[in-house]
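Per-chain numbering from 1; labels A, B, C, D, E, F, G and H assigned in written order.
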Amino acid sequence: MSKGHIVVDEARCKGCALCTSACQQRLISLAPDQLNARGYHPAQYVDPHGRCTGCTLCAVICPDSCITVYRAQRVVSRRPLAA
Amino acid sequence: MQTDLIISGFGGQGALFAGQILAYAAMDEGLHVTWIPSYGPEMRGGTAHCTVVISDDEIGSPLVRNPAAAIVLNQPSLDKYEPLMAAGGVLVVNSSLIPRRPQRTDLRVVEVPANALAEELGNVRLANVVAVGALVAAAGVLSVEAVERALAAHLPERHKHLLPANSQALRRGAALAAAALA
Amino acid sequence: MAKQLLKGNEAIAEAAIRAGVQAYFGYPITPQTELLEYMARRMPELGRVFLQAESELAAINMVYGAACTGRRVMTSSSSPGVSLMQEGLSYIAASEVPCVIVDVMRGGPGLGNIAPAQGDYTQIVKGGGHGDYRMIVLAPATVQEAVDLTRLAFDLADKYRMIAVVLLDGSLGQMMEPAELPPFADGAALGTPPAWALTGAQGRPKNVVTSIHLVPEDEEQFNQQLQARYAEIARTEVRCHEYATADADLIVVGFGTAGRVAQTAVKQARAQGLKAGLLRPITLFPFPEQRLAELARQARGFLVVEMNAGQMVDDVRLAVSGQGRGGLTPAVRFYGRMGGIVPLPDEVLGALKALAETAGHTPQPSPVSCLPLDGGPVAR
Amino acid sequence: MLADVVLEPEITYTRPAALADTYTHYCPGCTHGVAHKLVAEVIDELGLRERTIGVAPVGCAVFAYNYFNVDFAEAAHGRAPAMATGIKRVLPDQMVFTYQGDGDLASIGLGEITHVAARGENLTVIFVNNAIYGMTGGQMAPTTLPGQKTASSPCGRDVEATGLPLRMAELLAGLPGTAYAVRRSLHNVKEINRAKKAIRTAFQVQQAGLGFALVELLSSCPTNWGLPPLDALKWIEDQMLPYYPLGDYKVADGVEQL
Amino acid sequence: MAKQLLKGNEAIAEAAIRAGVQAYFGYPITPQTELLEYMARRMPELGRVFLQAESELAAINMVYGAACTGRRVMTSSSSPGVSLMQEGLSYIAASEVPCVIVDVMRGGPGLGNIAPAQGDYTQIVKGGGHGDYRMIVLAPATVQEAVDLTRLAFDLADKYRMIAVVLLDGSLGQMMEPAELPPFADGAALGTPPAWALTGAQGRPKNVVTSIHLVPEDEEQFNQQLQARYAEIARTEVRCHEYATADADLIVVGFGTAGRVAQTAVKQARAQGLKAGLLRPITLFPFPEQRLAELARQARGFLVVEMNAGQMVDDVRLAVSGQGRGGLTPAVRFYGRMGGIVPLPDEVLGALKALAETAGHTPQPSPVSCLPLDGGPVAR
Amino acid sequence: MLADVVLEPEITYTRPAALADTYTHYCPGCTHGVAHKLVAEVIDELGLRERTIGVAPVGCAVFAYNYFNVDFAEAAHGRAPAMATGIKRVLPDQMVFTYQGDGDLASIGLGEITHVAARGENLTVIFVNNAIYGMTGGQMAPTTLPGQKTASSPCGRDVEATGLPLRMAELLAGLPGTAYAVRRSLHNVKEINRAKKAIRTAFQVQQAGLGFALVELLSSCPTNWGLPPLDALKWIEDQMLPYYPLGDYKVADGVEQL
Amino acid sequence: MQTDLIISGFGGQGALFAGQILAYAAMDEGLHVTWIPSYGPEMRGGTAHCTVVISDDEIGSPLVRNPAAAIVLNQPSLDKYEPLMAAGGVLVVNSSLIPRRPQRTDLRVVEVPANALAEELGNVRLANVVAVGALVAAAGVLSVEAVERALAAHLPERHKHLLPANSQALRRGAALAAAALA
Amino acid sequence: MSKGHIVVDEARCKGCALCTSACQQRLISLAPDQLNARGYHPAQYVDPHGRCTGCTLCAVICPDSCITVYRAQRVVSRRPLAA
């Protein structure tokens, strides 16, 4: 199970690619075929194997504060196994 | 006769240069011409557009509110200029990047997949020249040959090797417009 | 020479170079920056001085210094930058050293915007600095005129030991238009440094450039000399462009781009049967007031078009005051756009038609009186 | 028997509240955006959103007032320090900061910033050094590197004619009124985090009334350097760092304890 | 309160303090320095802000900043220093923050001298900075008026969110005269900071003070708002002092010291049987143009007296243009001294007599035409 | 037989030729006059009278142009360095110097002087530091000493509110374009002679094209200090020297060899 | 009635203060008055002078070209103002420092050895007050008592102890003038 | 015989007294009873015993360059003793 994940605000993204190189897991790339309303190829986060560590490096470097990082860490409930 | 043109797109799409080609061609033909980049709130990365006025008489206003012909290279430009076009005007739309069709029925619309055609010619940066070809053919203000001569005469030395590709792009655009309006 | 497609800013730069400018000092500001950048490329190539100053304040004082050597020198800027030069301009004017300033005007006041405007008329034409001084002000309407007036600016500056300003709006600075460049001024035309110049006092008594006259009587006499020179210029150096004024009874007055736009409106008006004409002042100081006074005798109305809230219009009013038939004052109306909007011919035509319908009467004052200091009724 | 610990996602990083929720006009990859974010985060963390007044420069950051959720004034080119002085003197309990580019601070405004430092005005200055005039299209700044090509030094900055670049953090550190003067960089995450700490300290210096505090930030201008954003960060590292060493140039007594 | 013998500069300072000025920023310059020095003593005593700025440029921008907080703030200077403030003034005007500026004028242009003059009329009244902006301009003629107008300046500045200028010449700044100081404005009158002020956005959305309107349409609309405010002021805030105008057919117009001197001349003229009167504008912007227009209907001539080469005279000309009987324009003559010389009543009387002999006709233009650009004959 | 060697008097010291033979407006005992004399002597000794252009400040030395027999320009307050830059750039073979007071150079003109030093303009600057604004009647300068009473610091300069005085020689020495920056004093004959040597060096630096050269001279203002001239010299020694140590703050490579 | 006065001397001789005493006295008497230091090319060490206008009506010009009364404390002042005096005017000359006599015959000249008298009174700085006494007595524009009251009322606190000496100086000057013009 | 002497330009002298303290021989003082045209007591050089060394100290410090120093040092002629 993934330790974190991110959400990119694609409308605000300017496709600068700084996040792509910041992510040690290489989970972000610019969408080659997609243009947002301002004409940029936005960053896209692809993490099929749940490798995101929630390290926030991508978000810290993003000049447009487009990236929100979520980390799964708070225990919310415990439920009985298989009822 | 005076023709007011606007060329508009994202920064980097070459709208300003496209206008300059037309201005050079007009000058070389002995016409009066003005080229002016439009001021707007946008900075880099925003929209860049220019206005070209071509006339056989002295030009009063170099600025234009209702262009007789326009090239729109992206969606925001279409949104902005479609309503401003003079009735009966020629509107060249870069259909590679603009999904919607113009809605006005009193315009002569030429849809050109400029990016696609340019890529076919091996250089997506020629999209603007494709569109210029279409505009010239559709609006008739200058001949395609005049524009071609202007390219030959005024392309910066370091880009001279691109001349054949430019000519091709121009002619492709022109041909497409001719076909579309035929 | 053949025409070239030139950008206003660059055309002025090249024209200055051909006029023999030996030193350029400036600071970047939109929409003038291409002029500075052109100088940055070309001046060093020619072995002349280009220096980007740390500010407009420094630039104008570098110009001041360089001008003291009797060489042709210049700076360029745009509205806020020109405001920063006001002290320097007053000093230079008071020191009688010639130089050329280019002001490519933008929208104001304050930081405003970078769109074309004509809001600096007053600060340039009347003198935005302290004291009574004038600068020769040349207002081109086309790139060709920008080229020609730049040369003229240097010539007049030298001739009268005054500041000459080339005043244009951002649209002309940014615009490309075909124009022909003049040949380089020959060295002989530039001549040797004038006798008053600071060059090191070799074989002559020292020269001093100063703007101080501590004794009021001396200062007054100096000011009288300046005023006499300004009066001479007002007699001899007025320049304007006219279109269809011969039989016009409606005169449109506008300078620079506004005047250019107005010419199209006048053409349209003529086509619609109005007896319209255009007077486009080319020199703003000296102002074509005599010519306007002459036209006042034939015209029933004047329409002043500016890209500001109405600045030159007062000079038109002054020029035509009492100059109409029978000593009456013809109507003077104003049409202006502000904030960086260039009026279109249609708008001017509309204003002209409105004028045509009502002109011919001396305007009546509205009934307002003034308060005395305490706000009570006026003591007469 | 309990099992399957359910982890609910929690936001660990998102835009700070003091940063307005709006699109900025900055070019793609321009680290002005990073600098903004850091300042906003510090304002949030120190709880200063309702008692901070910012002063924007003329430069690419001219619209900074649109991007922060704090009171803001827009200064004339180079005069932000004077304007901030006026505000701070009247409202000594508010936190006042300027945000200035290198043209603004080191060229036209050199007199004002130096006097502010000399007087020890209790102000925080965020100084974004991108070695160029961004807004006007890439002319030479006093911080432009030797040999660097710009629109007004087309053959590269000629130090014979224009001198060597100004090192503002060092210069201002030399003034007695300066309590804190450091240089940081925005070219990678590690340096960004260090920059944030410095910005925090610079605000705390003001809170403690210790005097003038300056954080110089090496920042990219991909557009006018003619480089893709990632290459621009590399350029900071390769070209700017050697001339502009990161470090603390003045940390007055009392600052360490903050 | 009893009268005190007060120096103009110090009286203004104390009046400002009593008007509740919270911060003063300034830079020394003769003949204004006593004002700054007075503030240096008094403001700290009262726990208010005094700061000697490093320059006028810094001073005006400190004022700009402090004014953003909604408190009463001011600076003072003299002509060359005011030239350095032009950019700042344009910004402040465009930002709609109120403040008060005192300009104690000296001889110019350039460094000139430190003698009293009125050469800053244009730069102050018309706006020496870029763009279309106005400042409220109050011109005292006595120390008492300087006191009263300083209070008024703060009130009007706040009311209209504008710059208000107290404009006087060095002789009034240096002069001692008995005057009565008003009581301190009470805290309530000063009120809480206005809603737009920058105070830290506690419990409210952020406030922004800026002078930018990047979209030309926005900038135009903003300018229209400014112009509307200026027009309102022109209707409601005009102030002037009149003497013996009721039946006058010769009107002397002068502001400040020149107006005061002129009043003596008018008295002497009356004694000699001339029907002379005086209009001394107290507000220079707004200008008493309506009142002048009214007087134009009864007067055959106007004599404008200034301590400069003729600046306000154009505003008088504009005001009376076409306002005489039958729509004619009465004669407007100018008498001025420059360089720091204050005219004496005798001189004004002489000019008045000369006017009396010739007035009554509309002046005729002298026969000068304008050159086209190439210097050849005028194309019509 | 020969005897009685007759000694005929020879002038060994008289006013230098580059100093105009005229009365000056300076107050009795004001050492501006000494500074003038030294500059004139150096001009004479280096044979520069016919190829020197001076730039006068606004300050008590505003009329310097009347007192030197060389070409002179009178600058706006604080802008002498910019004006001198304009002259020197156009006439690089002429010797250009500014003569500036502390209000002129260190207050209103701080930006210009610093940029001139940063650019390494080939200029000589004679900086007369009298810790006060002389001409306008004794207001505080950036160089006014802590606690010093002036017309605009009537209770003594309050360093809390206005910071510590600026040490210009040290500050400008820190800029890479500065070739020579020293402080000297005019309070006694020995120091006057040392000052003259420094002025000579500062002109030679310019002759050699080595860059910016500044000589700061501690100078008296008996009038505005409210002291008799002799006491004023003592005041320099007792009060100014401790804060403004005499010395060489920058002597670039090549200067020693001059 | 309006009286225009000028008081002039070297800087340090107290000309400006002498004028202020008169201005205070006039104000306290309910008269209109202006006092203005004169601007001239001189800086410190040069000549200092002031103009006082006293009137029972509003004062127009605070500046004066032809004074009705003047005190000249040094030679340059005499040289400057003698020719400018209005005919019949009162000219008080500080004969302690001025060797020559005024040449005009249409003036009422009072020669007062002001420095000498002041030194007699123990304080050479009172020379200006001596001269004021002479002027007041000779010109009659204010009474000696009025000036004395003004001194008492407006002498700065730290100089109050000098009041008796000031009064004496004033009266000595007045007496001398009365005798001279008697 | 004195090694030097000085001449003071009394018209230009401002009586500042700097020269008086510079002279180690105390040969200069301000004329107490004399005022020049500008109102200053000028410096006066009194050297009855020919003590002036021609050291130039007084002249170097004079801000108004009022002092010219002469030194007697050049041999001009030799003439025969008692003809």
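In the analysis below, a contact is a pair of C-beta atoms (placed from the backbone, for glycine too) under 8 Å apart; a residue touches a chain by one contact, two chains touch by 3 or more.
In this text the structure is predicted, and so the values were computed from the model without any measurement.
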Chain G reached from chain D - shortest hop count over touching chains: 2
Can you check which chain pair, D-E or E-F, has more C-beta pairs in contact? D-E
Chain B and chain E have mean C-alpha positions lying a whole-number Å distance apart equal to 54
What's the distance between the Cα centroids of chain D and chain H, rounded to whole Å? 64
How far is the middle of chain A from the middle of chain D, if each middle is the mean of its Cα atoms, in Å? 27
I need the residues of chain B touching at least two other chains; which ones are they? 39, 45-46
Mark out which residues of chain F touch at least two other chains, giving numbers and ranges. 27-28, 62, 74, 76, 107-108, 110-112, 115, 135, 142, 161-162
Residues of chain E touching 2+ other chains? 51, 54-55, 57, 80, 87, 91, 95, 111, 113-115, 210-212, 214-216, 340
Any idea which chain C residues touch chain B in the complex? 3, 5, 31, 113-116, 170-171, 174-178, 257, 260-265, 267, 340, 342-345
If you look only at chain B, which of its residues touch chain A in the complex? 10, 45-46, 74-76, 97
Residue numbers of chain F touching chain C in their complex, please. 49-53, 55-56, 62-63, 65-66, 68-76, 79, 82-91, 94-95, 111-112, 115
Which part of chain D faces chain F closely enough to touch in the complex? 107-112, 114-115, 118-120, 142, 161-164, 166, 170-171, 174-177
Residue ranges of chain G in contact with chain E within the complex: 20, 23-24, 27, 32-37, 39, 58-63, 65, 154
